[in-house]
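Look at the two complexes coming up: chain A is in both, with chain B in one and chain C in the other.
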Partner chain A sequence: MAEDPITGIVCPIRLDYTITPGRAQTRFLRGLENGKLLGQRCPATGKVYMPPRGSSPTHGLPTTEEVEVADRGTVTTFCIVNLQFASTVREIPYVCAQILLDGADIPFFFVVQEVDVNEIRMGMRVEAVWKDPSEWGPTLENILFFKPTGEADAPRESYKEHV
Partner chain B sequence: MSELCAVTGVGQTHHDAERSDVSMHGLVREAAVRALADAGLEWKDIDAVVVGKAPDQFEGVMMPELMMADALGAVGKPLLRVHTAGSVGGSTGLVAAKLVQGGVHKRVLVVAWEKQSEADASWVLMMKIPFAAPLVAGAGGYFAPYIRAYMERSGAPKDTGIKVAVKDRLNALKNPYAHLKMPDITEEMVADSLMLWDPIRYLETCPSSDGACALVLTAEDALGSCENPAWVVSTAMRSEPTMFAGRDGVNPQAGIDCAAELYRKGGITDPRRQIDVAEIYVPFSWFEPMWMENLGFAEQGEGWKMTMSGATALDGDMPINASGGVLSTNPIGASGLLRFAEAALQVRGMAGEHQVDGAKLAMGHAYGGGSQYFAMWLVSSDKP
Partner chain C sequence: MSRKAETDENKGILTAPYVLEYSYTRSTGPVLGRFLSGLRDKKIEGIRAADGRVLVPPVETDPVTGEELDEFVQVGEVGTVTACSWLAEPRAEHPLDKPFAWALVQLDGADTGLLHAVDCGSAEKIEVGSRVEVSWRDERHGFITDIECFRLVGD
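Right after this comes the complex of A and B.
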């Protein structure tokens, strides 16, 4: 009697690794341990990178000048996620936004909560909600999410080059 | 003076959500056998094999090319893998073309594939990276904000993406190899589909496919019996960092520069008028108007007009993705090479029901990463 062919078997994989963050990210992580967001400035353009990579992606120069940026900023663009992913435990819908922190020249992705998804908009002002300081470690996970500040929206001119 | 290079063989698999009838080896071989048959060649005629696929995590199989040398007919021959994220299919074709143009090899087999059913692409794309802000919404979550920015910047009608989604799925009905077959699709159906990553709806996204694509590239003096080669008249590749201050994620400079080089080398001054048909990498419907602007087919802010006027339809003046495109078939690593292959089929007059009448000059385009890798080629029925 012919047997059914085996068309696939499930083999879970995992990867454990040790990362060497380097000098710039070490500074960034030490800052996070103390509730600070430390960026670095490109000496050629004056642009502040956060998180810093230690060099300017446009000019290849070391970014040695450290700049503390605010834990509040402006939503430059965003999406509303209505899809449940196996690897996340968030309630849907949730907002994922590009946020330009005050003092930084590059936006970064973060989740925005405590906002009605129908209210989220480009230019909205938001601020970080941190974990209790007793739980802080060298990780961006110290920030739980961003939430609206209630300030007036930022003018489009202030962020239009950062989407 | 470089050698001329032509596409003389094209092969692809039937693409589907799960090709559990074949292993990864069987999948690539299916495409390669078809390309060899089209070129009138046998395995022994091939000088070198160039392969490409997306990162290994997409199947959870590390460096599969190491154990596929026999399936690819590469035993005793050079075997080279190319790696440029989602644009890899395109880059793989270009690396192979360079081997012919540079006089290194006479006949090169190009194979690109993905067997997405063997792992979970969304999981792969959302792996936690130490120190980086969490990307918590997969590929759609990454690109949706740029689509929103395009909509805001251009003032495009809200149903532009819906039009693209319907057009490409109707084109796919004319392509026997396409994955999605949705004969009943309507604009209402797309509009009513779940808003996965607002502003991207479910039916405005590409599927996850298992599939492979293969090409045979040959030098001018090795055309053999091929009477309708697709001549490679121009190629270009560009990259840029994913993140830098002032980066325009809607209209990336690397894409602009890549197209400019492609057109300069190909003698193109008015792409919309001179190019007969283009296969452009559109994984989310709104990328059609975005790339129309990035590639110079339309003025800034006006790409949507080409979609809305029907110019990009199969019977329009600038047909885009006559094959159904990435929106209908997306074996990630192969998706770029499929664009290049479909461009070649068009100028060879072999595109069947989705043939654009009289197509002589066609463009293939691929992009990858965070819109940071670009690969493009122009192929022609006329010898350059």
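Right after this comes the complex of A and C.
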């Protein structure tokens, strides 16, 4: 029985790494294990970075002081995803937003759900929806998504520095 | 397991596996496509170059003159090692899960070496000049791994 001639081959490229987040981010991830969001403060400016990288990006100083920030905050900007791509795990359309957590001085990126995509807006107040504590590990996956709190929108003054 | 030594300073620092994997589908072209299709039927074909040499694996254009090549030549399943290197600790991606030799095998009838794995047990058993033969896989799909490995003739 004649088989079709070969015209293409699949060549897998695989890189197997063991990565470490380093000391500073290990503290952050250990905090997540206990349901805490731990930022780190720049000793020069007092600004709190979340997630922390271990050093201040503006002054290059070690950020050794841990600061717990809230698991709720303000949407500073957002993106509505309308395109399905290979690794999409959510139904489109969905919302990704920069969220300025209360107590942090830099927004961080997360998915916002339980909101109509036409309702999402700058200044909207949102809060984290966590997995059950029995499932917590040292990972941001402990947070499923953020959802609107129903509070009044934050005034633009409170986040304009971050837009 | 992290390879970094555990010291007091880095004790307790997290590590995690991180795998990047892409599966590319490459077009073989007519010449390599025919070579791979042949492996499926336990047939190894080279191609005759402008100077008369038989190149295995075959290439589409002459390496010296650049002209298109099209005269396929079937070569043998037995050949001679022209270079080899012992691999004592194979990794997951390697063709064999035990120590083996990488070797350039000049198959009888060919004028160039084909790179493949030789399963010969120990580094002392293989050297330039060793005679080796193809060990075919039972299930072949038209890929270079249809040749499972080479073994020493008489082994």
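Please note the rule applied: the second predicted complex is superposed on the first by the 151 of 163 C-alpha atoms of A that agree within 3 Å, B and C clash if a C-alpha of one lies under 4 Å from a C-alpha of the other, contacts with A are read in each partner's own complex, and residues count from 1 in each chain.
Definition applied: contacts are C-beta pairs under 8 Å (C-beta built on N, C-alpha and C of every residue); 3 or more make two chains touch, one makes a residue touch a chain.
Keep in mind it's a predicted model, so treat the numbers as computed, not measured.
J.: Between chain B (first) and chain C (second), which does A:N82 come into contact with in this model arrangement: first, second, both, or neither?
T.: After superposition on chain A, A:N82 lies in contact with chain B alone.
J.: Going by the contact rule set out at the top, does A:T7 touch chain B (first), chain C (second), both, or neither?
T.: Touch partners of A:T7: chain B and chain C.
J.: Which partner chains sit in contact with A:G22 here, chain B, chain C, both or neither? Use first/second/both/neither.
T.: A:G22 contacts chain C only, not chain B.
J.: Of the partners chain B and chain C, which touch A:V67 in the superposed model: first, second, both, neither?
T.: A:V67: touches no partner chain.
J.: Contacts for A:V163 in the overlay, against chain B (first) and chain C (second): which applies, first, second, both or neither?
T.: The first partner, chain B, only.
J.: In the superposed arrangement, does chain B or chain C reach more residues of chain A?
T.: Of chain B and chain C, more residues of chain A lie in contact with B.
J.: When the two structures are overlaid on chain A, which partner does A:V129 contact: first (chain B), second (chain C), both, or neither?
T.: Once the two structures are laid over each other on A, A:V129 reaches no partner at all.
J.: In the superposed arrangement, what residues of chain A touch both chain B and chain C?
T.: 7-8, 11, 13, 19, 21, 25, 29
J.: Along chain B, where are the residues that touch chain A in the complex?
T.: Residue list for chain B touching chain A: 20-21, 60, 118, 120, 122-123, 126, 130-138, 140-142, 144-146, 148-149, 152, 194-200, 241, 243-250.
J.: Write out the stretch or stretches of chain A touching chain C in their complex.
T.: 3, 5-23, 25-26, 29-30, 138
J.: Okay, in this complex, where on chain A does chain B touch?
T.: Contacts found on chain A: 7-8, 11, 13, 19, 21, 25, 28-29, 42, 45, 47-49, 51, 56-58, 76-83, 85-88, 90, 93-94, 96-98, 105-106, 108-111, 117, 122, 139-140, 161-163.
J.: Using the touch definition up top, name the residues of chain C that touch chain A in the complex.
T.: Against chain A, the touching part of chain C is residues 1-4, 10, 12-28, 33-34, 36-37, 40, 92-93, 142-143.
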